[in-house]
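Working notes, beginning with the structure itself.
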Amino acid sequence: MFFHVKELQYRAKPAKPDPVYARKLQEVLGGQFGEMSVMMQYLFQGFNCRAEKKYRDMLLDIGTEEIGHVEMLCTMISQLLDGAPADQVDEAAKDPLLAAVMGGMNPQHAIVSGLGAAPTDSNGYPWNSKYIISSGHLLADFRANLNAESQGLLQVVRLYEQTTDPGIRDMLSFMISRDIMHQNQWMAAIAEIEQMDGVIVPASFPRERTVEPATRQFLNFSEGEESAEGAWASGPLPDGTGNFEYVAKPQPMGEAPVLSVPADHQHSVPGTGPYVVNPGVEPLGE
Amino acid sequence: MFFHVKELQYRAKPAKPDPVYARKLQEVLGGQFGEMSVMMQYLFQGFNCRAEKKYRDMLLDIGTEEIGHVEMLCTMISQLLDGAPADQVDEAAKDPLLAAVMGGMNPQHAIVSGLGAAPTDSNGYPWNSKYIISSGHLLADFRANLNAESQGLLQVVRLYEQTTDPGIRDMLSFMISRDIMHQNQWMAAIAEIEQMDGVIVPASFPRERTVEPATRQFLNFSEGEESAEGAWASGPLPDGTGNFEYVAKPQPMGEAPVLSVPADHQHSVPGTGPYVVNPGVEPLGE
Amino acid sequence: MFFHVKELQYRAKPAKPDPVYARKLQEVLGGQFGEMSVMMQYLFQGFNCRAEKKYRDMLLDIGTEEIGHVEMLCTMISQLLDGAPADQVDEAAKDPLLAAVMGGMNPQHAIVSGLGAAPTDSNGYPWNSKYIISSGHLLADFRANLNAESQGLLQVVRLYEQTTDPGIRDMLSFMISRDIMHQNQWMAAIAEIEQMDGVIVPASFPRERTVEPATRQFLNFSEGEESAEGAWASGPLPDGTGNFEYVAKPQPMGEAPVLSVPADHQHSVPGTGPYVVNPGVEPLGE
Amino acid sequence: MFFHVKELQYRAKPAKPDPVYARKLQEVLGGQFGEMSVMMQYLFQGFNCRAEKKYRDMLLDIGTEEIGHVEMLCTMISQLLDGAPADQVDEAAKDPLLAAVMGGMNPQHAIVSGLGAAPTDSNGYPWNSKYIISSGHLLADFRANLNAESQGLLQVVRLYEQTTDPGIRDMLSFMISRDIMHQNQWMAAIAEIEQMDGVIVPASFPRERTVEPATRQFLNFSEGEESAEGAWASGPLPDGTGNFEYVAKPQPMGEAPVLSVPADHQHSVPGTGPYVVNPGVEPLGE
Amino acid sequence: MFFHVKELQYRAKPAKPDPVYARKLQEVLGGQFGEMSVMMQYLFQGFNCRAEKKYRDMLLDIGTEEIGHVEMLCTMISQLLDGAPADQVDEAAKDPLLAAVMGGMNPQHAIVSGLGAAPTDSNGYPWNSKYIISSGHLLADFRANLNAESQGLLQVVRLYEQTTDPGIRDMLSFMISRDIMHQNQWMAAIAEIEQMDGVIVPASFPRERTVEPATRQFLNFSEGEESAEGAWASGPLPDGTGNFEYVAKPQPMGEAPVLSVPADHQHSVPGTGPYVVNPGVEPLGE
Amino acid sequence: MFFHVKELQYRAKPAKPDPVYARKLQEVLGGQFGEMSVMMQYLFQGFNCRAEKKYRDMLLDIGTEEIGHVEMLCTMISQLLDGAPADQVDEAAKDPLLAAVMGGMNPQHAIVSGLGAAPTDSNGYPWNSKYIISSGHLLADFRANLNAESQGLLQVVRLYEQTTDPGIRDMLSFMISRDIMHQNQWMAAIAEIEQMDGVIVPASFPRERTVEPATRQFLNFSEGEESAEGAWASGPLPDGTGNFEYVAKPQPMGEAPVLSVPADHQHSVPGTGPYVVNPGVEPLGE
């Protein structure tokens, strides 16, 4: 069960409206790695959590915080849209600034959402739940979370560079700070689990059922061998089972597939017919 | 530019058809973390790569391998669909096995794809490119890749448990092996970059522009304090800037937002009107 | 079965082309509450109607009218796109008007649809059938219809403010008029059903199976009590079963959930393994 | 800013697992009118609210409650999935009950979500934000809300009929009760606004700019006249501006459209070419 | 403008209900190549048509017919759903027929659409407008139409094989007949345009601007040369410009790409920072 | 199995950056008929191919080539994005060229993809696998392929007109050339199959089961008869079974549908209730 307090977690007030930036800021609200994604990802992981209590509690703590981040972004976007023009192109032509605004803003802000934030990304593409993952496996999901916070922070920093409005930057600096904390958080949580289980997800599959060489070979599926220079091509495997091996010319281990002819009821075999596989009764007639 | 060889990278031949399992196996072909996802993710990261050559080459090597994994899964699924029934429910009722098959298989395998693999997940939901990420930042993307290989391997292991067909398991054991290798690979690559740049993505944002306490505080947005027990709530921060701090009762740092009244041209203000903000010419009349 | 007459239901001719406005007008053609939505919503409700004949007939009358509205909007958009520029940015730089046009128009109008209307919204997002509802329950669906006509009319009025072209406004004034009529229509139809069934959808669920206090309590899930001031917090319930009750501090009625540990075949339990739940035959070997 | 308490708003514990019902229950979690939809709809309407404080507070109170409903449904679904089988079809054939379970459950529950709730509907289709509306217009949005609660309650009642598990029914009876309350709530709120503004959304568009007869005519776009019998075809208009009028044989008011020939740069005119409209420099040559 | 007549274009009455088949039949209603697709495709091509009148009229004639096909399929599906069970799995276990029905039917038919047709495919995936094409080029679009009628007819024939219900087969035989006619129709229309314009779409691009050899070479991007045996590898080109040429070992004509380093404002360059490219004012401070 | 060579199939280097054109070019990379579509369509058709070897080989040859086209387009787009501005609107106002750039470019190129190509169309809509078809029927699929190459080439020609950059045009001229070849290829392959099977897909359905007149009648569902003038309304049927017939006034062959009343468990019958069809145990109580 949840409660709301009216104050925002942090200030969210731009120095002045900027409808074009409002469109851009949508990316970190309703985009693939926006706040809606981490909010829903952590809440679902928490609600579904079958592990010991501290994990469930932690997931719901951070999921609950993220609802407040969605709130901050919506508040900011609404204010950036204050005073968005409703005029037409001819007028814009006379004022290049207005022209830029009208060309660059999201038309749905003025037609659909009443100058409010939309649950979409910067191109108006709706948020959808395939952005999130809740697999029931703590280590797998903490890696998903670290990834989400890494992509998200990167996008916020890029957006920070695209404005100099001190109010927007103030809020972004807080969001950047929380994302730094959250990257730290997931790294610490990952280390905790890896210490118990090892680094492979899932750890529980028996190694004797693998095709062993394939667990350590880097396969060079291209002409040159520049890829041999990386830490992924030689030296110790992070899972401690041996060393990487570089295979310069990988060979197929399977055969060329030969599929059987299509079933007759698929009506896909050239040069056959006419026929009905499943004759049934006679047609009713016209 | 790419070339094809006719042999499969590994064997992909079931002991016998199983249309219900064909539906399930679609998940790791065209689902969120299926082979289509890693194939397209690595290819796009490689094509867009602006870093030194070994990264681009490595990304395209593994992306090219994954095209071959898509090929193996399609081949397997087509063979699992051999002999899928085309009959009707009445008949099924007499044979519970057939009933289970008909209830559990994907109807589109028999109507749309001609008993071939479909580019969708196990519920027939189409693959889409929002599953993948190519951000231009190596560390961010390698974390996305480690996540994809972790989720993907977890799903393959779960699918391994859901069949005892030795041919399917043979292929899955190879795919499991490659996913183990790929988890190793991304962990090695991540370590290489983190050594240079530190662990926060992106490393380049100046810390003095952050809200410093927010970069290390775990905020307990719930009643109990079970979340205080984890490595994320005390002890050293993975980024080396200090220690986690547990805030048991977080306070808002912002104010309650007060949005200004809607612009008149939005026609959203209760109790106003009738009016037209932008009068223009008179209406044409009827 | 349907027939077409060549004349439009109403005039749809702009005074002059305006490719940027063409993009905006797409919202009420192929957006969430555009004409494609009401057309398909009414047709499906009509085709599926199991109630007495007058409802089916009425639904198909209005659904058929809406096909004609789609026709009018397509016609208008095609004409707004007449003369859209195909040039490049350098040229645009010299003419701010052209720059605004090129920045603000939908590139797919010039690349994909051949300067014709597209079945999408103003951001190029495709229409999809999750926009519509046909539940088989007349009152539920008439409320969906009243909502669709309310949102749709609001958007058309906003678009009316964003142009002064007399031809566009002429057509919009007709569409506004029909939407006013359709709001009237659904309100009358709703009243007719509510008189028979009461106001709750569905009326047929027995009240003694409800948790009675929960049917009338407004729960204040926030710190302040501003929400106590509305008609929803005190006074008579519209369904006539008593009065609203304001609960200032709602208490949980359930317990904290404790989920059981994951099934072994999910491979999600930390610190276990290696194992295979479903052993099957030995692996084939390499 | 938000806080979480660990107890559920209401009990959510099934008498016994039922993986097939878990799939069905997903509809009211992540479907078009599931709890995710009302949660996000009310939160966005609240965050974007520019009206007086009581509306914002009320919207966020109910939005916050709905987060707790998502929590209850996830909890229920996880428990319904306890003990879901991971076996294969041959085994199922011997036990018709197991066959029904395996045919009817969502394969992603066992492959993707680790026997946890998924943010999707009963067919595995992901929730997306086009399900929700936040227009900035109170009356329009309250109608959207009344519709959502009507469709949602109808679906919950149908689901109630599809199980006799007393634990599931206990939880559903609470959700039914809250939906009854919420229908009451939106009706009361709607009445409050309609009293001020009249019943048409938006009220602010001047009637003299409409095509007046079109605001009251029911147009019979079909052969028979059954549709004349309803309250929408005669009698007073709900907006108080006069009476409905039934037009038995509607006539077109527009002309047959004649579109101009396509622009040359579209390369769509039959029988023309070869040419390049925008010649530019000579091609580079091979 | 459109009119409706109450009679169906053809009979649509099953001999008895069959909820599992209802799910399957959804494919040709709301699937990629279902009747909704051809209906919307022809209507949009007609509404946007800038060519001479006979094309527009023809497109709207067939588009109008297809609305009636959607009507027939909805009618059929509603009747197939008559009597669908609403019970629970335990009961089903006792009756294998019922178990098959409950495992195989679409749960949304019983929860969402009130036992009516849904605007989705056989897996419950919603119809969307990316299924259709209206490019403004007659020949391109007639090829799209021939493709749609070919895929659609193939699917209907497959569905015909999956039932023996004489009522369903009666309706399907009519739909098969119309699809045969429509394949004929588009082939005739294609021939008419090709005679004027030649076979390449678009004909208007000047051949001297092409890379000539590339217009006739089949490139063998694989090891073997089985692909040399087809009509596409030797013999005359259908466009009459010469003969196919088989290139057994295609060589790259471009260079290995070298992308420049990322822009600093992207924060993607390893080993750099900390910095802000766009410094702006000082941060507000905490 | 696949291999990569580092050189591009053809040059892909613009004369200078152009972020607005980068957005447009996305259409033929990740749009409905972009290179991702043909790549995936040919690969899936090849992987699923059950026909003789030359078809499978040919499909995989061309599918493999198309991976290289995706590579070329990504390379081009990345270079067009070099030097994209990261500044804010105020600055843009001073320079109309920059304003046009900022209004017209895709914000996600600067926020999400790090100035790299995105797997989306020109409006940022993600590529999805419903764009492709693999039906298992050679003739049906070759028609899909001819359509894809026709729509794709048309779009590339339109894009050619929208730039004069010699580097972009050089690459486009190669892509145009390959599309011309591929149209030729599919026409040749279609002719080969049609000679064996006739022109109707599928040829195998028995004509005596059709409603014969419906296989040759053009039905004029509109007032005028302009549609009688085309090759589709009179003259020989392409399938050789007779002549087209023009039906000026088509008559319904079915009856007006009358659906039965809804099942009680749907709770959709007005004026009934309260009741529970499936009573089960008593509710738990509050």
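We call the chains A, B, C, D, E and F, going by the order they appear; numbering starts again at 1 in every chain.
Going forward, contacts are C-beta pairs under 8 Å (C-beta built on N, C-alpha and C of every residue); 3 or more make two chains touch, one makes a residue touch a chain.
Since we're looking at a predicted model, the values are computed, not measured.
A.B. asks: Return the chains common to the contact lists of subunit B and subunit C.
C.D. replies: The common neighbours are A, D, E, F.
A.B. asks: Which one, D-F, A-B or A-F, has the same contacts as B-C for more than half of its contact pairs?
C.D. replies: D-F
A.B. asks: Which chain pair is joined by more contacting C-beta pairs, A-E or B-F?
C.D. replies: Pair with more contacting C-beta pairs, B-F versus A-E: B-F.
A.B. asks: Call it same or different for subunit C and subunit E: same when shared residue numbers make up over half of all numbers used at their interface.
C.D. replies: same
A.B. asks: Can you give the whole-Å distance between the Cα centres of subunit B and subunit E?
C.D. replies: 26
A.B. asks: Once you find the CA centre of subunit C and the CA centre of subunit D, what distance in Å lies between them?
C.D. replies: It comes to 7 Å between the two C-alpha centres.
A.B. asks: At least two other chains touched by the same residue of subunit A: list those residues.
C.D. replies: Residues 1-9, 11, 32, 48, 50, 57, 60-61, 64-65, 75, 78, 86-87, 96, 99-100, 102-104, 110, 112, 114-115, 123-126, 128, 130, 135-137, 139, 154-155, 157-158, 160-165, 173, 202, 204-205, 209, 211-212, 221-222, 224, 250, 252, 259-260, 262, 265-268, 276-278, 283 of subunit A each touch two or more of the other chains.
A.B. asks: In their shared complex, at which residues does subunit B touch subunit C?
C.D. replies: For subunit B paired with subunit C, touching residues are 11, 154, 157-158, 160-164, 166-167, 169-170, 173, 265-268, 276-278, 280-281, 283-284.
A.B. asks: Write out the stretch or stretches of subunit C touching subunit F in their complex.
C.D. replies: Per the touch definition, subunit C meets subunit F at residues 1-6, 48-51, 86-90, 92-93, 96, 99-100, 102-104, 106-108, 110-112, 123-126, 135-139, 193, 196-197, 202-209, 211-213.
A.B. asks: Mind listing the subunit F positions that touch subunit B in their complex?
C.D. replies: Against subunit B, the touching part of subunit F is residues 1-9, 30, 36, 40, 43-44, 47-48, 50, 57, 60-61, 64-65, 67-68, 70-71, 74-75, 78, 112-120, 126-130, 132, 134-137.
A.B. asks: Where on subunit F is subunit E touching in the complex?
C.D. replies: These residues of subunit F touch subunit E: 5-12, 32-33, 53-58, 60-62, 64-65, 68, 72, 75, 78-79, 82-84, 86-87, 110, 114-115, 125, 128, 130-131, 133, 135, 137, 139-140, 143-144, 146-147, 150-151, 153-155, 157, 160, 173-174, 176-178, 180-181, 183-189, 191-192, 199-202, 204-205, 209-212, 214-222, 224-233, 235, 237-239, 244, 250, 252-257, 259-260, 262-263, 265-266, 268, 277-278.
A.B. asks: Considering only the defined contacts, which subunit A positions touch subunit F in the complex?
C.D. replies: Contacts found on subunit A: 18, 20-21, 23-24, 27, 31-32, 96-97, 99-104, 121-125, 155, 158-159, 161-165, 221-224, 250, 252, 259-262, 266-276, 283, 286.
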